[in-house]
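Multiple structures follow.
What follows is subunit A paired twice: with subunit B in the first complex and subunit C in the second.
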Partner chain A sequence: MILVNYVVAAVVFSLGVYTILTRRNLLKIVMGLSLMESAGYVLLISMAYRRGSTAPVLLKPPPGETERSLARGNVADPVLQNIALTAVVIGVAVTAVLLTTVVRVAQHYRSLDADDVRGLRG
Partner chain B sequence: MSLTGDAALLPVAVVAPITGAVLAPVLGRLSGRLALACSLVAMAVSALVLVSVAGTTYGGRVVVEHIGNWRPVHGTQLGVTFAADPFGLTFALLAAVIGAVLLLFTASELGDLGGRELGGFASLMQLLLAALIASGLTADILNLFVWFEVAALASYGLTAFFLERPIALEAAFKTMVLTNMAAFYVFVAIAVTYAGHGALNVGQVRAALGADPRSADLVALGLVVAGFGTKAGLVPFHGWLPDAHTAAPGPVSALFSGLMVNLGVLGIARFVTVTHALHRGQVMVLLTVVGGLSAVVGALMALVQDDLKRLLAYDTVSQMGVLVAALGVGTPESLTGMVYQLVNHALFKTLLFLCAGAIVHATGMTRLSEMGGLARHRPLVTVAFVVGVAAISGVPPMNGYVSLGLIHHAVETGHPVLLVALTLAQVVTVAALARATYLAFFRRRDDDYDRIEKPSVGMVVSFAVLAGGCVAFGALPGLVLDHLARPAASSLTAGGAYARAVLHYGGRLPLPEATFVYLDPMQLLVIGGTILPGLLLAARVVRHPGPRLMRPLQALHTGGVNDYATYAVLGAVVCVFGLVLT
Partner chain C sequence: MSEPAPERELHGREPMHRPWLGALAAGGVLVGLVVAFADLPDETAALPAIARRAMVQTLPKFRTTEPVSAVVYGFRAMDTFGETFLLLAAVVSVVVLTRTREPRRGFMGEERAGEEEQRRVDRGGSDEGSRTAREAEAEEEGLGDAPATPDDEPLATPAPERAEAMTVVTRTAVRVVLPLLAVAGCYLVSQGYSPGGGFPAGAVALGLVLLVHTAFGYRRIAPVVRPVVMEAVETVGALAIIVALLLGIPFAGSFAASWVPLAPEQTLRSGGILQVFSVSELVEVGSGLVIVVFALIGMRHDWAPDPESDSSEDDR
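After this line comes the complex of A and B, so read on.
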């Protein structure tokens, strides 16, 4: 466990949440969501790490190791890295849809202020 | 084993609508109707596959298919597993059958849209339905998250389908922000669970969790409640739900309310009863609190709405609250009542939203204050709407009578606060819907409507199927209980047996005990005791609109995306810390 990674994840997450809760600009809200997701990626990659481990690649093992010893022993957890990859892909798709909506909102309302975009209330 | 022949077909139930979703935009270029016809065929194939395993599943056996033949070795499963258990299958069957009805209704309400629009619309609807069916069938928590995201992405597209309407954009943006945060919670919860136990398959997670929960597991559970609670539209995560329903076309609102929000309940139920079942105590209290709060707030907000679809959407918040509270009570009887109510809610809420859609289609009106006298102009819609309202209110012989009776009876012992909350919510629900029925259908309206269109065959068929379902599920409670509700609840009461069955092919799920005495005088008294004050309250609100007591609650629903996100984050913090610190 590398403590600084977890601290970074927490700080980036808090920054993202802070942005979403306090910024009125829709683009900044989208950025806040992206920050939140990035914190998730850092967290996952950090949780996948084990002390002194290498990358979970079994081809061309480093000197002094064989493929078998790598598979048994000290590699970072590939599943968590995989989940992070899946999340990156989903994040890209969602951000694209969000930005498209923001563009359309800007065209319709001529404003990016969340306060102007609240016709539905109560 | 003879089961495997059927089991191998299970993925087809998901693949068929996805294939349809790919074909629909292509066929839409030729003709919009062709795209819808193709979608209907895809949903029919999916429903047939699900029905083919229904006999075995409702008989108490879990039908398991390890995708790509990645079988578990010594209790470790690397691949994704689909398992048709009675609860998940009920959920999937509802999605397939009601999804087909909604596509049929779309053909008549939106049939005059262009081919490209209809193609895209059918594609998104099928993607959402495929995600719902797959969520019911999957026995892998990461896979559940993926389907959650597929459903979310499809729902964004459907919410913003009429891009030229500014409110559709606004609703889509709010939905995206809140659902995205929810997806992040679920995602982190699953990653934390995997990092702690090295397991993603539900059977494996359950085995690995053991009797002693670590605080990381409780954090994960709190995040799951917050994440899936957002999908279910529970208070305080509900900001997106009324907006999305107001802006979307009729069949889409019906799809969201009748089927998609249930995904949240399914997710919470799976985690609470199957994987994390060993630390029930605190999470059950949390669920009753969140559920009771949603039931009351949703009903109160519904009472003061002027937009018909928005009113129905707030009622959905209330109904989801009832479901989650019943889940939190956790006795066999309340779980049976919850499953029963889930099926009923899908039927009557779909029916009501389709009625609202039909009214918009016929008159172009959405506001109750503009409508009136529709009973004379649209007798058929009136009958359908009244059936739906009677079902929600629990008037016998409608379906709501049975499920509400079961839940009420289960809550009576040992949950006095929840009992008061649910009774209050029920009274206000009756009032809200009675008010809507009066204002839209039975109030005198002096000037005639400018234009009023005739209902088409597709609409009549959809109404008949759903209203027939409402009556049938209420008139035959014994049959439904024995062959649907109790087996479906067995997945929840015997979560351990389900988890084992996923890893070890089969094993029988024992049926929970739940009986319903149809003409129990106490039960009739309770129903009468909620309907009568409900009607009086409705009369009062009609006479004096905008009650002052409700102003603060309405003022909290500011419509600002920042505010709604704040409520949701606070709710998530309470969920997580509530579980970890108690």
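After this line comes the complex of A and C, so read on.
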């Protein structure tokens, strides 16, 4: 049941949303964002899965399969795998920028509490 | 801010923003997502047309046997191009955010004057605790009376182990593992099933650099990971990507079209433009990740004065 994977992705995503909405520690907020990204990876890879499928590689088909059956859909979806790869790289880049900002905020305000970061409040 | 922060953390009563409201919103998101996901194609559905197209056209179009690489560097080359420059933008932001004050062109000595003032504000030398801390830090950074390389230290030296380098066990293990990992990374990008794999190989390159950094200390790896060197390497990678994709216009009629002659599949040169793009991507991603990690590691201590713990009577 691939639906279980989808539900897990939804739960992990919602946990990330909850973390971001309720936590005040900036590091934990970044961790919540990472959770939401991970939910995206789980969803993409689960959507690429097909029952009894093999990796999308054009070598000799596994025993019991023919080239024709592979082309009909007994491989995992290569496009979604590629999008997951893209998402991982973007996730790393975004997390790096966020963490740098958190370190600078900590140095400037001497606090990781989002409520203490009030420099822009009128 | 009435009670001290460490106490709050210790007793697990971390302050939160309206947990019930957050739970409500997150629960709403959860319900919405589950309802939406219930309609997604399941594991018995046929592959979407775009995936079938990728499976069918990979071999005739790129002479390679790996559709995922063909999608990354061929069919969706434009997206990967954009993604690469998003990564570059992130690297530039990190570098800009972490860069310390540095002498500019036409340097008048402001920085030295500023350091003088900073020292007056800090008054770090005056109290016993912070001086010991500073000495310990200097010792850890290898500015103490340690030998030039950790390998010169006699074996079985008593503790404490310094942050400069790890024990002889770790150093030997890293020396053994490093070439193996390097070969594995090169294999990923050059052969694998087929060309492609610039992104994972870039991550492997970062892993190698970090292993050396952990085992042998920053001073041994510094000549390689200096920003001057790495930023040049990254620029070369980015330029190589731009040139490789632009050459598609004169030779193949459109941006990112495959203009490199196709070699037989399962060889080093199979895939045409894929291999060129993937190798440039390795340079770009590897150097970008190294820059980001070392920019974060090397962020200077640049703290604002703390009104609570610093002696407040003579601060401004």
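FYI, the second predicted complex is superposed on the first by the 107 of 122 C-alpha atoms of A that agree within 3 Å, B and C clash if a C-alpha of one lies under 4 Å from a C-alpha of the other, contacts with A are read in each partner's own complex, and residues count from 1 in each chain.
What we mean here is this: a contact is a pair of C-beta atoms (placed from the backbone, for glycine too) under 8 Å apart; a residue touches a chain by one contact, two chains touch by 3 or more.
Everything quoted here is computed from the prediction, not taken from an experiment.
When the two complexes are overlaid on their common chain A, residue A:11 makes contact with subunit C while staying clear of subunit B. Contacts of A:56 after superposition: subunit C is touched, whereas subunit B is not reached. Set side by side, subunit B and subunit C differ in how many residues of subunit A they touch, and the one touching more is C. Judged by the touch definition given at the top, the superposed model places A:118 against subunit B, while subunit C stays out of reach. Contacts of A:3 after superposition on the shared chain: subunit C is touched, whereas subunit B is not.
In the superposed model, A:25 makes contact with subunit C only, not with subunit B. Of the two partner chains placed by superposition, subunit B and subunit C are both touched by A:47. By the touch criterion stated above, A:102 is placed in contact with subunit B alone, subunit C being left untouched. Across the two superposed structures, the residue set of subunit A contacted by subunit B and also by subunit C is 17, 21-24, 43, 47, 77, 79-80, 86, 90, 93-94, 97, 101, 104, 108-109, 115. Residues of subunit C that touch subunit A in their complex: 1, 5, 14-19, 21-23, 25-27, 29-30, 33-34, 37-38, 40-48, 50-52, 54-56, 58-59, 65-68, 70-72, 76, 79-80, 83, 86-87, 89-91, 93-94, 97-98, 193, 199, 285, 289, 292, 295-296, 299, 301-304, 306. Touching subunit B in their complex are the following residues of subunit A: 17, 20-24, 26, 29, 33, 36-37, 40, 43-44, 47-48, 77, 79-80, 83, 86-87, 90, 93-94, 97-98, 101-102, 104-105, 108-109, 114-115, 117-122.
Against subunit A, the residues of subunit B that register as touching in their complex are 142, 146, 149, 152-153, 156-157, 160, 163, 166-167, 169-173, 176-177, 180-181, 183-184, 187-188, 190-192, 194-195, 198, 200, 242-243, 246-247, 304-305, 310, 554, 557-562, 565-566, 569. By the touch criterion given at the top, residues 2-3, 6-7, 9-11, 13-15, 17-18, 21-25, 43, 47, 49-51, 56-59, 70-73, 75, 77-82, 85-86, 88-90, 92-94, 96-97, 99-101, 103-104, 107-111, 113, 115-116 of subunit A touch subunit C in their complex.
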